[in-house]
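Read through the structures below before going on.
Each of the two complexes below includes chain A, the first together with chain B, the second together with chain C.
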Partner chain A sequence: MSNLTDITPLRWLMRNPIWGFVLLVFIFFSLMSDHFFDYRNFQNILVQTSTIGLIALGMTLVMINGNIDLSVGATLALAAAFAVDVQSWAMFATWGNWQILPAVCLALLVGLLMGAINGFIVWKTGVDAFIVTLGAMLGIRGLVFVYTGESSFYAMNFAYSDFSALSIGPLPVLAVIFLLCTLIVHLVLSRTVHGRNTYAVGGNREAAVNAAIRVGPHMMINFMIIGFLAALSGVLLSTQMGAATPNLGRDYELWVITAVVLGGTKLTGGKGDIIGTLGGVLAIGILRNGMNLMQVPAFYVYVILGSILIAVLFLDKRFNRTADGGLRL
Partner chain B sequence: MNEKLEPALRLQGIVKTFPGVRALDGVDFEVMPGEVHALLGENGAGKSTLMKVLAGMYQPDEGQIIIGGQPVRMTTPIEAKAQGVVLIHQELSLVPEMSAAENIYLGELPLKSFGRVDWKTLFDRSNAILERLNCNFRGEVTVVNLSIANQQMVEIARALTVDARVAVFDEPTASLTDAEKVVLFEIINDLKARGVGIVYISHRMDEIFTLSDRITVLRDGSYRGTLTTAETNEDEVTRLMIGRSLDLSRDAATPTLGETVLEVRNLTCAPLFKDISFSVRAGEVVGFYGLVGAGRTEIAETLFGLRSADSGEILIDGAQVRIGSPPDAIALGISLVPENRKEQGLVLSMNCRDNMTLPQVQNLTNGPFVSSGAENAIFDKYRDKLEIKTPSWRQTVRVLSGGNQQKIVIGKWLSMQPRVLIVDEPTRGIDVGSKSEIHMLLRALAAQGYAVIVISSEMPEVLRVSDRIVAMYSGRIMREFTAELVTEDSLVQAISGIQVNEVA
Partner chain C sequence: MLLNRLKAGGPAIAKQGILVAFILFMIVFSLMSDRFLTPDNVMSVFRQSAIIGVMALGVTIVVIGGNLDLSVGSMLSFATVLVVDLHDKVGPELAIPIMVLATLCLGAINGFLIGILRLNSLIVTLGMLSAIQGLVLIYSGGQNVDIVDQRGTWFAIFGRGSILGIAAPIIIFGLLAIIFHVIMTTTPFGRKVYAVGGNPTASVFSGIPRSRIVFTTYLISALCVAVAAIILGSRVMGSQNNVGQGYELQVLAAVILGGTSLLGGAGSILKTVLGVLMLAFIQNGLILMGQPYYTQWLVTWAVIIVAVWLDVAAKRGRLFSPIA
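Entry: the complex of A and B
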């Protein structure tokens, strides 16, 4: 954006209230917990955030499009299962550490494929993305159980699970991958033609068709992007655990949607950005981490997060309601 | 009559402010029983706000509402209705999946014990009202199956569930055909004869002069005066509304016409239109006039590749072409400014510049990214050319006035360098001042060598902008007129399907 000159920090915060919230919880936990304000803990937060964060990047695109993808958790599990399983296939036995490469490539390809199928069905049938991906969520999760035979896969190659412990300079490699993806998706959304069309398609699909944007293929690309990112997230999660379980990624779609909505993306499409989404995932990451450090029992965390989600959206409606919009109910 | 009649409704010194705006500034307004009082003003003049105050949706900050001699306070639309003030909305606010009867009594369904709906009473009462309105459907039908005009009738029927003292009609004819308008006017006159005070809001001068007894004009939220319809004329009313006279004369100088750019031969798309043949030359404005549903919009959509024709030929510069999709049409130099700018033309949540460059943004790249400079250049050029009033390109189009929004859409398509510009209902929902601006713009564009097709349901508009007029009825071209030879009578006959035996 070239309009940085007339934007004061305060105005910027008004427009991105989630970052004000991030700042608030950051200060709160720094004061309340002895262990929170610690360099190692920050690294932790970034690594924990990266899993949901990667998917949230794709979800931002899909939701600005006016769609939604509920199948990301299942896609993540399927990709993780492939990544861990394929490297121990007999045909790659002699490849040494190189056996990880085809495994990861195949896992990412599976993610792309799942996204492509979702997108293709939405494009060709015109069925609502909510329904299509709800079906995909059940179906893909089923495939995971069929494929794994209900048991977990363990990575035999220790180089795989060591990967997540690597650092590049001061940052853990997982955080670096997440931040890099954030930057790329941000640039795609804010600076490229594809990004511009994403807003147009979500803002007014009919006007987009009239402007000669090929809406169907466009939406399919965004589903492929989120499929890829969900698979990448699955691969990285399995390196952290050194294993892939069939229940991996359960409820992740809900966390991701929560983060994206907290970041200011509209469920109806046409509005949102990656800066907000980054704020949303960090807010959730910091809250979970901080409450964990304060030894708040896990289930209270859910209660608190749920309340915060509703409160934030309520405040947003209060302050950012347009002059004509908004019915008094 | 010596006895002074009490007004059915009187508003005194109404003030309503919103953060940063004084939407109504000491407005006085009254309507007598049995009177049609027209309320006029440009978009944003405060008509809608005044109506919402009347209907109890807004509370005035100052001033009084007096109904039948008693000052009242109304805090909800239901209260207003109980006082006998009913509002017929401009935009249909019906529940499409419910029956007409349920819609008519929405929010106040007759009940039996335990909150059960008393269906018999409901249908009996609704059918009585629908009969009074001469509707040819019954309360049992589902609203979604009704035509727009009949849905409007349901909306009106809703207002008649109480003994109305004042009925407010907000742009009731916006989606009606001429025949349906006649029915509506009969209903209004019938209500008037029963002593109901009618407030009639419309942009259409001809309607106001046929229907109303008095006219009150608002401008910028303040009261500009009340005129007796019989003693005034359009010019005076317009001057009150926009503060100046309108130049309604047609640009008489016939431009030098160029070659035939677009020719259509025997284009058919059953059952929408049949055997359509016409041509447009460079520098010419061809007007398509007809009733809603005559097939004009569908022809435009076919030319733009949104529909495919069953048979027939489309020729550009004498060569036959195939248009399968909007990108094909755009590549051939055909642009369409669609009928409904908010639904089909604009992405309301986007800014002005991005909307304007939307169809060509893929060609405005610098490396992998969109080039901001190239986009701004296009926006600046057409902002100046079309005199679009916006503080900056970053302004969201949602907040612009209708006229400026329409100019953004026109600018969007002009920037694609079209040869044929199709404009569907260019001034729908646009106020009088901007309307004439759009008309002059269309003439100017033709003078610059564009071949322009204007589709319109408003006769004055077609007469004013067109060099030739194609009259359509029920999917067929009835007649073609040149601007010199057209008369209102012959045009009305043609679009009503009356065949004229032309004397050679």
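Entry: the complex of A and C
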């Protein structure tokens, strides 16, 4: 990864085939649709992508670490519910627009907490992360329904729902937040001790233990990061809608895992990076957007995405038999 | 410590953790609600658990074979929409075989990709979950389907009929459970599934056709989904096009609760039945106690983690994981 600068673009594409795919669908839709190649549409894609994308960043860390988190969709819904509901608590009634601040902070804290619970259980009980987060997926969703009384919350403060319409320079603020988070998580993963140990634990846990790496805390930190990012994603999604529904984020874990796997992160851990995940997220975003513009019924998107996921898996298997360093999955 | 006592006192009891937990739950709930342990209530819980139960039987066999099946929920939507929609178009005697064949085809695709091509089952069935959901929507055009003449069709017996006072879904679930239990415990096929799940490499070296066994487990899973769809379609006499959404989780929760290891090679059909019933009784008990419907999901969360934790702890001989 450190020698990214001294290889040619072509070889870089060979190592990150998902970006080749992104380029391909980009060119395809630019030629096929009149409305695709448009600056405002690019802004749209980035905003639409940010929801799944933020969670995918966290999922990359968790999966490189050798775990998986299925509870992100539920965490997203819980955070969104808190962010919208807490604003209207009586104790913040005189705060004006500042009432948004404690609401958002609390929502993000809830996300961190949910991640910490998952991480702590995985660490201390030694139960597989798949089972722990499967339980949490049901449990946290149940929490959402009990907390919201099975109804939607609407944001009374319009400053909240106006936030998503803001722009910083040429970019929508949601896209800026997403790209900023991408950069930060990329740096954490590639430049810090925590990032290096994340790879080590996922790649060979036994060896990591022998090298005196504290496996548990690293896993817990990664679960907290994904919890935080899922909550952030939930908050941003609720600003777009001005509301939070208890069913928010259903099936998001599927989209997120699809994006991360497309980006070349291994389910078994130890391999993957943020650049690939960004490619995977963009590939899905461009596909959905482009097919929408071409007026393909939304139903077909499910079929196409599922097929692509399986096709990538298949190609990777063929690829890896002949040459190492092709698609990494 | 409790665990040491358990280990010293009786490994047999530690092994039957799910049974002990089940009995404890039943005692607690029957003390807290006097309507809980009445024959009527028990029967209705059995009947409600039949659909998830039938699907859980198939998934148990897939999981024992060392794989996962997350596509059963979408597949249930597919099969139910298909059988209900075809019922009015070609009649039930043709609708059922067509639906079963179509569902088996989906199972065969799963089995081909995972058994023959050896692709990762989690991702393949995740992709199939999405693809099949899309197929259902394309087929139904996003519309819900229902059967117009609900009184005059014999199709109703699967969901609404009863024999000797026992509801048909319970009989179907019970029969299938016994059949699959016998298959898994007494036939060569059953032993091979355990072998493939326990150690794939060793099973191949001992001449077991691993690909074919895995392929068959997915066919069985699809067959179970088809049966569940008949019960569901016949009971509701209609179908939403996302009716099975989320079922894969409930099913997997029941299988895990039954002590089937996600690593493959271990598990039992009868314990899955216990897992299914336990989840159903928890749901029922909480509602009888006046709790909001979704409280059951919170309780399920805790029950799953504690059950699997105790299972893992008993195997490693200490309560907490030794990792730093």
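Brief remarks follow.
Criterion: the second predicted complex is superposed on the first by the 315 of 329 C-alpha atoms of A that agree within 3 Å, B and C clash if a C-alpha of one lies under 4 Å from a C-alpha of the other, contacts with A are read in each partner's own complex, and residues count from 1 in each chain.
We adopt the following convention: a residue touches a chain if its C-beta (ideal position, glycine included) is under 8 Å from a C-beta of that chain, and two chains touch if they have at least 3 such contacts.
Everything numeric here is computed off the predicted structure, so don't read it as measured data.
With both structures placed on the common chain, the touch criterion links A:Lys271 to chain B but leaves chain C unconnected. Shared-chain residue A:Ala200: touches chain B; no touch with chain C. In the superposition on chain A, A:Val209 contacts both chain B and chain C. Of the two partner chains placed by the overlay, neither chain B nor chain C lies in contact with A:Pro170. Looking at the superposition, the partner that touches the larger set of chain A residues, chain B or chain C, turns out to be C.
Judged by the document's definition of touching, chain A residues 209, 214 lie at the interface with chain B and also at the interface with chain C.
If you check the complex, the residues on chain B that touch chain A are 18, 304, 306, 325-327, 330, 336, 338, 343-350, 354, 358-359, 361-362, 365, 368-370, 372, 394, 398, 412. Against chain B, in their complex, chain A makes its touches with residues 2-3, 187, 191-193, 195-197, 199-200, 203-204, 206-214, 270-271, 322-323.
Those residues of chain C lying in contact with chain A across their complex are 113, 117-120, 122-124, 126-135, 137-138, 142, 245, 249-250, 252-253, 256, 262, 292-298, 300-302, 304-305, 308-309, 312-313, 316, 320-324.
Residues of chain A touching chain C in their complex: 121, 123-128, 130-132, 134-143, 145-146, 150, 209, 214-216, 250-251, 254, 257-258, 261, 267, 297-310, 313-314, 317.
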